[in-house]
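Here you go, one structure.
Order of writing sets the chain letters: A, B and C. Residues in each chain are counted from 1.
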Amino acid sequence: MTNRWGKWIAIVGMGLVAFSFLYPFLWMFVATIKPEKEITEVGLLASQYSLDNYRVLLDRIPILRALLNSFIVAVTSTVSVLIFCSLAGYALARLRFPGRGLIHNLILFTMVMPFQLTLIPLYVMMVKFGWVDTYAALILPYSMSAFAILLFRQFFLQMPQDLIDAARIDGLGELSILFRIFWPLSKPILITVGIVHFMGIWNEALWPLIVIRDEMLMTMPQMVALFAVAGQAEGQFGVQLSAAALMTLPVVIVFVFLQRYFIESMATSGLKE
Amino acid sequence: MVRQRAIAVSTCLILASIGLVLLSCTRSQESDGVQLLLWSSTNPPEMEHARALVTEWNLAHPDTFVTLQPIPEGRSGEEVLIIAAAGGTAPDICTNIPPIIAPLLADAGSLLPLDSINGARQAIEARVPEEVLATFIDNDGLLYQIPWKGNPILIQYNTTMLHDAGVDSLPQTWSEFAIAADKVTVDLDGDGAIDRRMTLFNPISEWRQRLFDFYPFFIASTGGETLLNGTEVNFDRLETERVFRFFQNGFERNWFSRSLPVGDPFVVGEKFASRITGPWNIAYTERFKGDNFEYEYGPIPVPDDYVGPKFTFGDPKSIGIFSTTDHPDAAWAFVDFYTSRSADLRLLEITSQLPLRRDLLSDSLYTEFFSQNPRMVQFAEQIPNTRGFDQNPVLQEVFDAIAMQFDAVCVHSRRTPEEGVEKAANRSRTILRLRGNK
Amino acid sequence: MKYVDPATRSVGGLAKQEAHAGRVLIAPYIIFFLIFSAYPLIFSLILVFHHWSIVGPLEWAGLDNFAELISDELFWKSIVNTLFFIAIHVPLQVVVALLLAAILNEKIPARSFFRATFFLPVVVSGVAVTVLWKQLFSTDAGLFNQVLAWFDIARVPWLSSPEWAMPSIAIMATWKNVGLYVILFLAGLQNVPRSQYEAAEMDGAGWWAKFRHITVPAINPVVVIVLILSTLGGFSLFIEPYVLTNGGPMNSTLSGVLYIFKQAFGFFRMGYAATIGLALAVIVLTVVLIQRKFVERED
């Protein structure tokens, strides 16, 4: 009897917690279509709904361009990470070459090296290279990742050696072994690395704030953060929220469809970090 | 092996693309005749103004071609210029130099001293009011910037609201301000929350905001002093403590809000009876105000025992010529044209910002503009009594030291004004001693 | 002359080929490492001994930057702020996540719905969450204070008082990240076979005994992860105070990274900013190492 009651209390409690996680998002989306004077109300009802805030937003900042930039940057760097880090991971896991141990240690070292240490020198480097305000500054520093290499290495270590031996006898080169034989068997790790890296870049705000100041090259998080901080929104809160909503919507949609992969990937990477 | 070569090739490709990016960033420099690159502020009226003047110049001077570009805008205008100077991508001329970073650029040798160009300094001295010009001169006695325009900071009052609260004239002194503020500040519906306050200030902890609360009041109550005197602290004085106390009192009595309300609570929300602002605000107010919204501009209130003219912060902007230019004389000729009588008329008409010139109200050329825009007269009258920034590379840090104490003393009442001023002054002295001397 | 078996010779050839392939495949990373890790690292060690406004030449500073750092109130304030953040965030995170995970571990309906819901803020950008919470936290018209008013609770100055601002940010960070830890705890709990609990019950173990002897060991590694990730998170706190408070009120939300940002891009002091970065890096590594040692000893 007490157990049944306990169960119901747990379910109601969970429902309330879930509500506190969902309602702010729901409220945000609805608030963006409310009139400015009614935005601060807790409920979702308003005297009228309109898309005016979005119109003002699109008028004031090139937010769609920022969306495109975010996409370009995140896709390019993720593809680069998948290719180059799997190369490195494969080399470290399956090929014997002089210096392998040293390089493995270097990678471990860069993983524990806090980013605060290299932030300023990296920025200075971007200035001296003339990369400030270029896609290069956004993509290249994220074109590889020590963490991804280690994940690939760990995964590739578990592959049977027979696969490689057989392929070599068939005359396949190392690249073919990696991309034609290993990759098709490595979907879980490709998905994990892909999602984790993509989300990391997609949500990154600090680095773009440092190296980009041309509006046409800004990514979403940077543009929305600047928009919320600077006076461009002219204090109109609905417009600021619309910017945040535009940034959230694609993520929510993708998450609804691929939530299993998201949760598994981020949990795996969380455990290994 | 073929595949390994493929990797080698792709690695090379990446390196090559890095190289290409590098190459594409170096400017090509082939031309016949003089070519000048001009950077202007990105805000639309200023771009329009710059475009009109550049077009006119290029028609009249086929031998000196000026190319106009908007400044890539970012976190702050300051940083963009510093990076451009550091990365070797600075233009020849920039019309949006914040005077606060001119000393830093000058120290690094990035700005051209105008004294090195024949006739330039004299022309500037003839145009700019003497006392205003004084704050633009570097500690080495040279002038690295052309003081161009200003936006005197005044207080914009919602007179409808003042009348409703029983206030019939704009406060001139702190006591008048206090009486008015106590009348205005009320909890209308009795729910414990203040619904109407006296003045909208942005209390966020950022020194830049102190340019729009502490600094104008400091300038006004000291009769036009600035924070530094050469490389010495000049704000370690009674007036500073009194300004701190004025704000502390205001926050304690809820005349001002400790948190920045969302939205526009002055013109749209009508929850504040006044706000501190410059002339750029007129157009905005006209566009968004409600039907019964009446407004007027008043001076920065001064202590009751203050006698003398009313001073304020002028929020000035300068034009600078970068030392990397190959054509300093041509650049000056263009700047001279850009700050000429007729150019300044256009500046008024297109941007509603005020040129820093002596004869603004006496020159007949501008009479018609001011008769058509009566609200601008008050700002123009203020121009000779505006102050800008001391020329010291650490001035921002001095402002920051004051901002920290403003936060603790005025907004949060955690310290006495005396302690606050002393702490700010000591911190500033340390900064000046370490890095502020040339 | 030693006799060499042809088979070995060909293996030797293969090994050479393999070594060659290894070098080629690792080459992109080496280039990446040299440009984006090694060079900045070395440059940072040069920068800390210089004054530099990024325009103009580097000026030798000797140990000036370090001397200034040691006596810099604001730097120490930022460290204290970070530790304060961690002190609130970690226990809050562990308790809430553990509670939710424990309930999710029971057979209740709509488990995967709850799991996904708690995870949603994890995937949404921190900037979006911060902009949203800026409104929720607003003193005058924010949702939280309106809801509190229904219960006759006085307004809380969430972001405008020096005492509340950092706890507010910690609460927001917990809401944003807790979903990840729910999943991690859940994984830990699910590793415990149900039979172990049943066996304990047969021995007459109560709720607390079961929790202490079965659950805690199972989730201990996750607590370590929470500790380490929250420490790293605390020391890299940036966008939340940048958008919400700019480090105020009274520098109560000034974080280490925000202070670097302010010195580098506000005052153009690259040498000093790099010095703060170096100090932060040393502190982060030390704290994480101590945590690891401490937790390992516990096991």
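By definition in this document, contacts are C-beta pairs under 8 Å (C-beta built on N, C-alpha and C of every residue); 3 or more make two chains touch, one makes a residue touch a chain.
What you see is a predicted model, and the numbers here were worked out from it, not measured in a lab.
Chemist: Using the stated contact rule, I'd like to know whether A-B or B-C comes out ahead in C-beta pair count.
Modeler: B-C
Chemist: Specify the chain most distant from chain C by Cα centroid.
Modeler: Computed centres place B farthest from chain C.
Chemist: Could you work out how far the Cα centre of chain A sits from that of chain C, in whole Å?
Modeler: One centre to the other, that is 16 Å.
Chemist: Find the geometric centre of each of chain A and chain B from their Cα atoms only, then give the gap between the two centres in Å, rounded to an integer.
Modeler: Distance between chain centres, rounded to whole Å: 38 Å.
Chemist: Where the CA atoms of chain B average out and where those of chain C average out, how many Å apart are those spots?
Modeler: 38
Chemist: Could you say which residues in chain B touch two or more other chains, in rising order?
Modeler: 4, 7, 75, 79, 83, 86, 262
Chemist: Specify, in ascending order, the residues of chain A that touch 2 or more different other chains.
Modeler: In chain A, residues 39-40, 87, 127, 140, 173-174, 237 touch at least two other chains, as defined above.
Chemist: Which chain C residues sit where two or more other chains touch them?
Modeler: 20-21, 25, 28, 54, 135, 138, 141, 246, 265
Chemist: For chain B, which residues count as touching chain C in their complex?
Modeler: Contact set of chain B toward chain C: 4, 7-8, 11, 14-15, 75-76, 79, 82-83, 85-86, 104-105, 107-110, 192-193, 203-206, 257-259, 261-262, 393-394, 396-397, 400, 404, 407-408, 411-412, 414, 434-435.
Chemist: For the complex, which residues does chain B have touching chain A?
Modeler: 1-4, 6-7, 18, 21-22, 25-26, 72-75, 79-80, 83, 86-89, 262-265, 268, 284
Chemist: Using the touch definition from the top, list the residues of chain A that touch chain C in their complex.
Modeler: 7, 10-11, 13-14, 17-18, 20-22, 24-25, 27-28, 31, 39-42, 84-85, 87-88, 90-92, 95-98, 100, 103, 106-107, 110, 112-125, 127, 140-141, 143-144, 149, 173-174, 199, 202-203, 205-206, 210, 220-221, 224-225, 228-229, 237, 240-241, 243-245, 247-248, 251-252, 255, 259, 262-263, 266-267, 270-271, 273
Chemist: Where on chain A is chain B touching in the complex?
Modeler: 36, 39-40, 87, 127-134, 136, 140, 173-176, 209, 212-215, 226, 234-237
Chemist: Enumerate the contact residues on chain C facing chain B in the complex.
Modeler: 20-21, 24-25, 27-28, 31, 51, 53-56, 64, 68, 135, 138-141, 154-155, 157, 159-162, 245-251, 265-268
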